[in-house]
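Next come two complexes, and both contain subunit A; in the first it sits with subunit B, in the second with subunit C.
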Partner chain A sequence: MLDFLQAVSDGVLFGATYALIGIGFTLVFGVMHKLNLAYAAASVGGAYAGLLVLGVMAGAPPWLVFLCAFAAGGVLGYLVYLSCFHFIPLGSPLATLMATVGMLLLIDEVIVHFTNGMPLAYPAMFDDVMLRAGELTLRGDLLLVFGIAVLCMVGLLLLLYRTRLGLATRAVSQQSVAAQLCGIRVGLVNAMTFVITGLLGGIAGALIGASVGALSPLLTTPLTVKGLIVTVIGGLGSIPGAIIAGLLVGGFENVFQLFRGVTERDLYVMLLLFVFLVFRPGGLFESKDDHH
Partner chain B sequence: MDFYFGLAQLVGVHTLLGLSAYIVLLTGQVSLAQAGFFAVGAYTAGMLTVLAGWHLVPALGIGAIVSAATACAVGFPALRVKGLMLVIATLAFGEAVRLFFFNFDYQIAKGDIKVGPLGGEGFRQIRFFPENGWGTLEVMLFMWVFVLLVMALLWWFDRSRYGTALRAVGEDEVAAQAVGINLTAIKVSAMTVGGAIAGIGGGLYAHYTTHIEHSSFNILVATFALAYPIVGGLQSVFGTLIAVIFVQAFLIEGLRELGDWRNLLFGALIVLAMNLRPNGILDARALAALKRAFTRGRNA
Partner chain C sequence: MKKLALAVTLAFAASGALAQDKTIKITGFGAKSGVVRSFGVNSEAAMLAAADVINKQGGIKLADGSKARIEVEFLDDRCNAEEGISVIRRIASTDALVAIGPTCSNVAEPLFGILQKKVGDAGDSGLQFPVFTDVAIKVGLAKISEWAFRNVPNEMTMYNSVFYWLHQKYPNLKTVYGGVEEDFAHSRATWHVVMKDRAQASGFSIAGESKWLLADTNFATQVREMKKANADIIAISAHPFSTCGVLREMQRQGVKPKLLVGLTSSSSLETLQGCAKQAQGIIIPTSFAPVNKEARFAAEETAKKKGAADLHSMAAWENMFILKQVMEAEKISGAKANLQADRRKIRDGLAKLATTQGLLGVTKRDAEGEADKPYLFVQAKGNDWVVLHNPL
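Take a look at the complex of A and B:
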């Protein structure tokens, strides 16, 4: 029983990073009704770019690395927007999908190129701290990961619901034509959505690197798949859904790993997705607007 | 010369992969599961020739049938999932198939060695072609018989009522239903045919590479399968063929001197192609222009 609770708590804490990735996918889908398959790759890319700080200033504090990853993620997000969404006409959804796949491959290969495919160690904070809550052990670095993720989610929700940009974003996601008629610049809103999700992605990548201890280009594929699973379980277009689903997937994943080992763990995460698709295809929080 | 035959074999297998995604794409379903059906066909055909000692042709047939059955089983739940969610669901399915084969062991002893799929190590010793004295040229011709048969079948579909129904469903499901087209039958049958084609491709792939493992059927292969019809254009089967030749022959082999930079170029080229020609290399306008060029004399 204790092992089970420990697995759940570790999983949920790590699941906050999945929640951030899920939010990125779901936000882009909600605003532009397109899928950005390059998102997880851009997050990992942002995390790698964060390591450049260490190259410039050896022995830099980890929070500086995280900050750099945060900023780099935003830049990468804008690049993905420019190359995959800005110029392609809205009537060709397949073209944007393929273009994002192309960017995914490109970012992956650039990472492999510059690191020669070797995994790089990632700085972590508080990794020697162990808190005890009764019989459970809570790793300090995982708690920090969870804390930063929660901060980012709160920041995003504040942005969306308390600022003009957030208002414009919500308007465009509900009715883009009406938003244009109100004078909102849809192109700008779309670009800013990508920058914001890129920022979130950069910090998510950095947090994943910090909790695993190393970054590897092999991280992109499983992260893409898990992020998409989180998005679907939470409901495409719903941010609270993505948050809850992220924690859920993180917890389940760890529990599956406890019972069946690492090699079969991902198979059961897929099965979780299929169960949701069969019983609740819209996700946990089905999106109320249904313009296809 | 063997090098070019090998290249033709590669193009052949990838064309089958692309065509399996093509027919599903016609109905508007974006499926990243084709690599999964490819894997099922590969392992089935391989196991039949190696473990049961069958000849290749019936093994390919059973492989195609098993893949088609799997695709049919996927096709029904796929009806419940719309649009981009289907992309995610099929992506997860493809990964699930790959993980299944990663954990799949079934070995029997033949002589002193054990043959059969062995989880992470994969399925070695699929030696039907070398054991029966087939040379590179014969293998290539054998493969291309299947490729041409499948292309002819899809070409014929395009000219028949079935093909029109497929495209109608792809364009606008509500309008197609209003005209009386049975959505379930069309979508599930397209998925099944796609699965069968991928199964044949998989069986051929297993035998020409003689060693398959779970990582040969990863997401990259699934995206290749989807990239060929999208980059080539959905108007005609030849679009997929042109895209395969463009990607495999030109990009991967022709730019061999660029070494490591090739892979970078591949992603960048897809992004460029999608920005410049969002409807594919052989889109409706290009096809119409080609038709005019060829029938100019006849109509004059």
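Take a look at the complex of A and C:
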């Protein structure tokens, strides 16, 4: 029983990293009804850019690296918007989707060429902290990721529901033509959405690097797949859904691994996705708009 | 005196010019993109460096007594089997005499399969092109084709030696626990076929095993299993990224085995870049370390071409010199008209070699064509790999 509980707690905490990626996917989908498959790669790219701080200032504190990753994530987010959405007709969903696939591969390969594919150590915060609850242990660094994921959710919800930008974003999300007629600059709102998700992605990539202890181009594909699964299970466009689904997927993944082994683990995660697609295609937090 | 010096200079210049006239093309191939890009980059650098040294020494002596310089080309197979097969077909369609590669065992295995199995078998339409592998290390691949040759460490011998030595040196250590990257051909085979078997043969008992995947990021469950088993030695058969992840998790969970043994491919810069602190003390058998003048020279020359010297890239370096020796011994013509005959001569020459000279000593070849390279044990100390023991 203890093993089971430990596997669940480990998985749920690690699921916070999936949740952070899921939030980015879901936010772009919520606003533009498009999938940005380059999101996880851009997040990892932002995290790599954070390491540049260490090149300039050896021994820089982790928070400074995270800050640089945060900023670089925003820049990458904007670049992804420009190259995959701004100049591509939005009316053609396949064009933007394939553009983001191309961007995913491009970012991945750029990272590979700069690093020769070698894993690079990533600075961490609270990585030596282990909280104990009886026999159970909880990783301090993953609790930090969890806390930041919740803060991101609150911050994004405040942004969406308490600011003019949020109002504009929701307007564009619901009816972009009407929003444009009301004087909202749709292109600017879309670009801002990408910058905001990019900033979030940068910090997500840095936190993932910190929790893994190293960055590698190996991270981009699994994070993209997990991010998409989380987005679908949470409900496309739902920020709280992405967080809950991230934790859920992380927990299930570890439980499947405990009982069925690592070689079958992903099989069951995919089955979980199919179960949702069949029985609850709108995800856990199905938006009412989806019924129409 | 001045006239003599001028004459000598002109003679050298003329011989250089002659050497420039003819070229022998050796094509390297391996991963130059994707997460194993460093292997391809390092092999290419080692090949270019070795070619420079050979060319500066006058190049390769051909059958007619003239000299030819070596020209190196390196193609990317992305560590992908289909790509690898396509690349070797492309190489065979050029004027390359021989190929050095590939990086990945999952490429080498099917690729050797498209080569002619038995030389001279008219009923076998397989590719008749010599391939001299430097990196792909999975055991037992040489027997696939008589056109395939290998200069890779023999893990069976190396791990046999490691566990035997550990058993002699630390007789109080009894148990070994394995950690294996299950989805990568080399690491999987090394644990299941080599390490496990050799540890038991040396008198250790296997306390259990944990599995993970190459791109995994969460190792909590696996390390908890390790902790429960409380084995004396933990043997990790995984590549640097997941090795580092596991070592970090071991540190978090306070798993402190008396000894750590690693996968031969992890005795590289990658592991130390990823997790030098956590990797301290890990023992790895390797077929290269800059322990003598030749090895240090090879490492320096490779570094000039922006490559790192390790057991894999230095095999590429060695292959270039072995090929020079074979080409000269077999008296290849170097003429395009005799391309296939020259390839056959190189194959036959390679097949004749019972031993070859490597940077650390003599490499033997067993009955199945597998190389048996000299090796030593290195240990991670600080930010370096230091030689722990030389069993030979």
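Basically, the second predicted complex is superposed on the first by the 289 of 292 C-alpha atoms of A that agree within 3 Å, B and C clash if a C-alpha of one lies under 4 Å from a C-alpha of the other, contacts with A are read in each partner's own complex, and residues count from 1 in each chain.
FYI, contacts are C-beta pairs under 8 Å (C-beta built on N, C-alpha and C of every residue); 3 or more make two chains touch, one makes a residue touch a chain.
Keep in mind the model is a prediction, meaning the values are calculated, not measured.
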For this session: Using the superposition on chain A described above, determine whether A:278 touches subunit B (first), subunit C (second), both, or neither.
Result: first
Just to be sure I read the superposition right, which of the two partners does A:229 touch: subunit B = first, subunit C = second, or both, or neither?
first
Check your understanding: Which partner does A:95 contact after superposing on A: first (subunit B), second (subunit C), both, neither?
Key -> first
> Is A:109 touching the first partner subunit B, the second partner subunit C, both, or neither of them?
Replying inline: both
Review point. Does the superposition put A:221 against subunit B (first), subunit C (second), both, or neither?
Key: both
_One more residue to check, A:263. First (subunit B), second (subunit C), both or neither?_
both
Contacts of subunit A common to subunit B and subunit C in the A-superposed view 109, 112-113, 221, 263
Per the touch rule, the subunit A residues reaching subunit C in their complex are 3, 6-7, 10-11, 14, 17, 109, 112-113, 116-121, 127-128, 130, 137, 139, 208, 211-214, 216-219, 221-222, 250, 254, 257-258, 261-263
The subunit C residues in contact with subunit A across the complex are 33-38, 41, 182-183, 211-218, 220-222, 224, 240-241, 244-245, 248, 252-253, 269-270, 273-276
Subunit B contacts subunit A in the complex at 25, 30, 77, 80-85, 87-89, 91-93, 95-96, 99-100, 102-103, 120, 218-220, 223, 226-227, 230-231, 260, 263-264, 266-271, 273-275, 278-279
Residue positions on subunit A within touch of subunit B in the complex are 29, 34-35, 83-84, 87-89, 92, 94-99, 101-110, 112-113, 221, 224-225, 228-229, 231-232, 236, 263-264, 266-267, 270-271, 273-274, 277-278, 281, 292
